[in-house]
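Here come two complexes built around subunit A, the first alongside subunit B, the second alongside subunit C.
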Partner chain A sequence: MVELLHQLSSGLALGGVYAITALALVMIFQATQLVNFAQGEMAMFSTYVAWALLQNGWNYWPAFAFTVALSFVGGVVIERAIVRPFAHAPILASVIVFIGLGFIFNALAGFFFGYTVQSFDTPFNGRPWFGAKFMSAHESGAIVVSLIVLALVFAFFRFTPLGLAMRAAAQNPASARLVGVRVGWMLALGWGLAAAIGAIAGMMAAPIVYLDPNMMGGILLYAFAGAVLGGIDNPWGAVLGGFTVGVVENLLGAYVVGTEVKLSVALIIIVGVLVAKPSGLFGRRIVARV
Partner chain B sequence: MNRREFMTSAAAMAIFSTPARAEDTPGISASEIKIGQTMPYSGPASAYGVIGRTELAYFKMINEQGGVNGRKINLISLDDGYSPPKTIEQARRLVEQEQVAFLWQCLGTPSCLAIRQYCNERKVPQLMCSTGSSALDDPEHFPWTSPANPIYQNEARIYARYILKEFPNAKIAVLSQNDGFGKDYLKGLKDVLGAEHAGMIVKEATYETSEPTVDSQVVTLQGSGADVFIIAATPKFAAQAIRKSYDLGWSATRIVSNVSISVTAVLKPAGLDKSKDLVAAQWGKDPSDPRWKDDPGMKEWGAFADKNLTHAAFFDQNAQYGYGNAVALIEILKSCGDDLSRANILKQTTHLSGLELPTLLPGVLLKTKPGSYSAIRQMQLSKFDGASWQLFGELIEA
Partner chain C sequence: MASRLAWGLAVVFAASAPFWMSGYHLYQGAQVLIYAIALLGLNLLTGYNGQLSLGHGAFFAIGGYGASILIVKLGLPYYVAIPLASAVCFVAGFLFGFPALRFGGLYLALATFALAVATPQLLAFKRLDFLTGGSEGLHVPKPGPLLGLPLSVDQSVYWLCLAVAIALFAIAANLLRGRVGRALVAIRDHPIAAESMGVDAALYKTICFGISAFYAGVAGGLDAIAVGFVSPESFGLALSLAFLVGIVIGGLASLGGVIFGALFIEFVPNYADQLTVYFGENAKALPGAVYGVMMIAMMAVAPMGIAGLFRSLAQRLRKA
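Up next, the complex of A and B:
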């Protein structure tokens, strides 16, 4: 029983990280209908920026805020400079660009910061919260942060004019342009927000998995599984999917399939969902008239 | 003589000609010994690139001092990005285009395995591969291939003996990487435990290197009620396992594989207090250990690092590893004398009778013999006291 609770709580904590990463994937998918395979490496690089700031004596929250802001700007710049030229290229070209971006960030991080694993500070120190003895303070903190990010993303799309404009640009670019939405900038904004959310995911993941240039590889895979499971165009679904994948993966690995094929669970979820219910549990089915 | 006759006689001459003299060996001339190497200067394992850089710097120094028997060492070290297909391409380039005498210290189990067949078919020595995989120590089938690192199985054997002696009633849990490295470990353990004690291993769990964490595996292993926990993991995962086992309040005796004993790269991230009382086998001198401050071998290495690399390199155990192996190669080439044929270079490498290296623990000697190419077989156990590793007991022969 104790073991089961441990498995559940460590699954939930990582699930929180998957959930935030899945949200970042959703942001870009919402805007462009593409999955950004470089999302993980961008997040990892942002985390290194935060790490460098902390090493230079910054306090946690200023470093956190600065990293998120810088990542936002970085995301916008990447969209404008690198992704934009391929806007009218075939999808495969964009995918290759994303994969290349991932390699570039991975190599840059190794070049600047080295490949040795680094520990990363957490703002949630001290005693476990709510007397929960199965979850460290950071793990509880990561879950709370993921819910806050979800709430912010939801509020942004639901209640702000900018969020409305972004949704319009994604769903019907031509009409949006006619009513004065600057569609191009909305895409850049989507990239910026995704990069900022990714940075938060990285900073929540690093204290659990340690910081190194390959930190986000596995996480991105699980996040993708989570996003697909919940519906990649739905923030709520993606977050719920992220948590579900975290928990299911741990429980299946520990009690059902064994650790040797634990990682395959993520792939089975992706394939299974795409075959049985391509829009995910909570996604909208898009019907295109031809 | 027509063309066909000429070809036939030329072929006959090639068959019946006398054995090649050293000067006929590719890559060997009166003034040079040309050596090839593949090294992951880029890609996921690029942290090991420093090994190649250290070795290049060492040979540069040797060449400035006059080389080996008047011959300069020319090490051609090419990037393979830790990708086996690339290793094959680079190895062919080294052997066929650059015409190197032999390959030396190519890094990585998968990379070395990828070119093993090629080297053995062409009888090109593939010496001192940078890996501890037992697959690279198979002289019966691959006589031209030798490993540089102590093989993982031998290390695991030493742990099994230690457990049998100190904890005869132990219940053992093993976390291992799901690849050749982890499997070698399990095999070494089980070889020593034998059928009689096989039941001592109460739980095994594995992980893939692409998994984010091993927390779940550690929880499972703890749940088995084991009181000895063996961590056969690479640095990041070892750090996670050390931290998680401590956080769970698991009081087992924890043994960590030698690949993950670095204080800076593993134990600090895991937390020094959480790493207290870890046990590991060692054969090299830990550069961060004050015990070796006045050790002549380590002073030699320190002086070399300061002059030719950086001060930080002194503390990098990968760089130290490259230094030790470069020293060993120079000794081997010296022992070849003027017979630098491929066969003799292989023979000298595989007939070491107790070579001492400045970077190895006192008493640990390189010994090879035709049936077993793995040179380092002696190790000493150590315990982490919260600040550094403390050696205890005698040298143990695996």
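Up next, the complex of A and C:
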């Protein structure tokens, strides 16, 4: 029983990481109908920045805040400088550009920080919370951080004028522009937010999966699976999908298929959802006018 | 006419290589040909048919592992094993493409990305150890001399790859010149118009995926006997993405372009390796950096790749 609870809670901890990564993906998708394949590598690079700060004697939370802020700026700059010029290019070109971006961040991380696997500190040290035997302090902390991120993102989009403007820009760019929303900048802000969320996801994942330039490959895949499962145009669906994938992956890995082939669980989920219900559990069916 | 001349010269040049190249360089030449075959397959799919696959490394792996298993475990000769394994690839590509194809390019990209990431784990799956050798991989005997001629192993492998490459290029060129090729391009450029002209888009797309996987499988099979070894780690996401890099840099929707692409993905990592002398271990990052910058730069200034640059240069010369 304790073992099962343990698997469930580690599933939830990583599921939180998948959920916020999926949320970041969906934010970009809603605005541009594109999936950012560089999301994982950008998050990995942010995590390395935090790691370098920690190595230089920074305390955890200042390093955390600085990394998130820097990632936000980085995301905005990348959108303005690299993604924007391809706004009207075919999907193929955009995906190629994203993959190019991924290559670049992977190479930068490898070049500056090396390919050695590093351990990454967690701020949630010490004894397990609430006296729970089945859950490490970091897992509890990661779940709480994911939930805080989700709450903040929700509050931002629901209760602030800027959030409203960003939603408007994503849903109906033409009308949003007519009422004075600067659609281009909203998109750049969206990229900034996605990069910042990705940085948090990376910092929460790194103590569990360890830090190396290829750390986010699997995480991004599970986030894709979560987003597809929940419906790639529905943020809440994607979040729920992320948590679900985390738990399912962990349970299947522990009890059914074995941890060595866990990644294929994501493959099966993605292909399975595409076959059975392409819009995902909570997505809207897209009907195209011919 | 000029392009026919260029192809002729390229074939003569490539066929003569074993007379003046040797050992490792010939092996690299064979690798270039193998990559060219795989890139050709991917380009049929992505360049001509507009479907994005981030997982062609998986079909390369099925070809490589399939051929290796048939050779090592069943004792089949390679000229039987590789076609059989490639046929398996065709079926695998057809089946995999079937669900994913109906839902736009992005979903296919996601599904194939998942395939690429999961492949090494699947290849190392413990319960298939008896076939695949698990994480250790399989050693494959190198083929004997071609047609019983007094040739070295490297020469045999090289000419074998060249012969197969020429045949597959000719098939692809014929396919693209006719009805099928027009249908594929029409589906890429305007799916709705293509459908209303009577092109069965879903069928063509799935078959194109199958053919593309077949090409990747042939390349994988040749790679297995050229290297003499297959292991799960060599068929990861990096390989699939390298194929994408190859067709982007060589030129989307160009047969000649895949040769430039193949040269690029064979030699850039090689030269970058030599730079470790100057930059230390972390120079491993350089090929990735070059790939990334080149991909974005190509999309910005030359979406049709190196082949496209040559084409526009030729046009300009003709006008002048």
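The rule is short, and it goes like this: the second predicted complex is superposed on the first by the 280 of 290 C-alpha atoms of A that agree within 3 Å, B and C clash if a C-alpha of one lies under 4 Å from a C-alpha of the other, contacts with A are read in each partner's own complex, and residues count from 1 in each chain.
Simple rule for what comes next: a contact is a pair of C-beta atoms (placed from the backbone, for glycine too) under 8 Å apart; a residue touches a chain by one contact, two chains touch by 3 or more.
This is a predicted model, so every value here is computed, not measured.
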item: Touching partner for A:Val209 - first (subunit B), second (subunit C), both, neither; value: first
item: Which of subunit B and subunit C A:Gly110 touches, first, second, both or neither; value: both
item: Partner chain(s) touched by A:Gln7 [first = subunit B, second = subunit C, both, neither]; value: first
item: Partner chain(s) touched by A:Leu92 [first = subunit B, second = subunit C, both, neither]; value: second
item: More subunit A residues in contact - subunit B or subunit C; value: C
item: On subunit A, positions contacted by subunit B and by subunit C; value: 107, 110, 114-115, 217-218, 221, 260, 262-263
item: Subunit A to subunit C touching residues, read off their complex; value: 33-35, 37, 82, 85-86, 89-93, 95-97, 99-112, 114-115, 217-218, 221, 224-225, 228, 258, 260-264, 266-267, 270-271, 274-275, 278, 290
item: In the complex, subunit C residues that touch subunit A; value: 46, 50, 52, 54, 96, 99-100, 102-107, 109-111, 113-115, 117-118, 121-122, 124-126, 192, 237, 241, 244-245, 248, 252, 279, 281-289, 291-296, 299-300, 303
item: Touching residues on subunit A, where the partner in the complex is subunit B; value: 2-3, 6-7, 10-11, 14, 17, 107, 110, 114-119, 136, 205, 208-210, 212-215, 217-219, 221-222, 249-250, 253-254, 259-260, 262-263
item: Contacting residues of subunit B [partner subunit A, same complex]; value: 42, 44, 46-47, 178, 205-208, 210-213, 215-217, 219-220, 222-223, 235-236, 239-240, 247-248, 264-266, 268-271
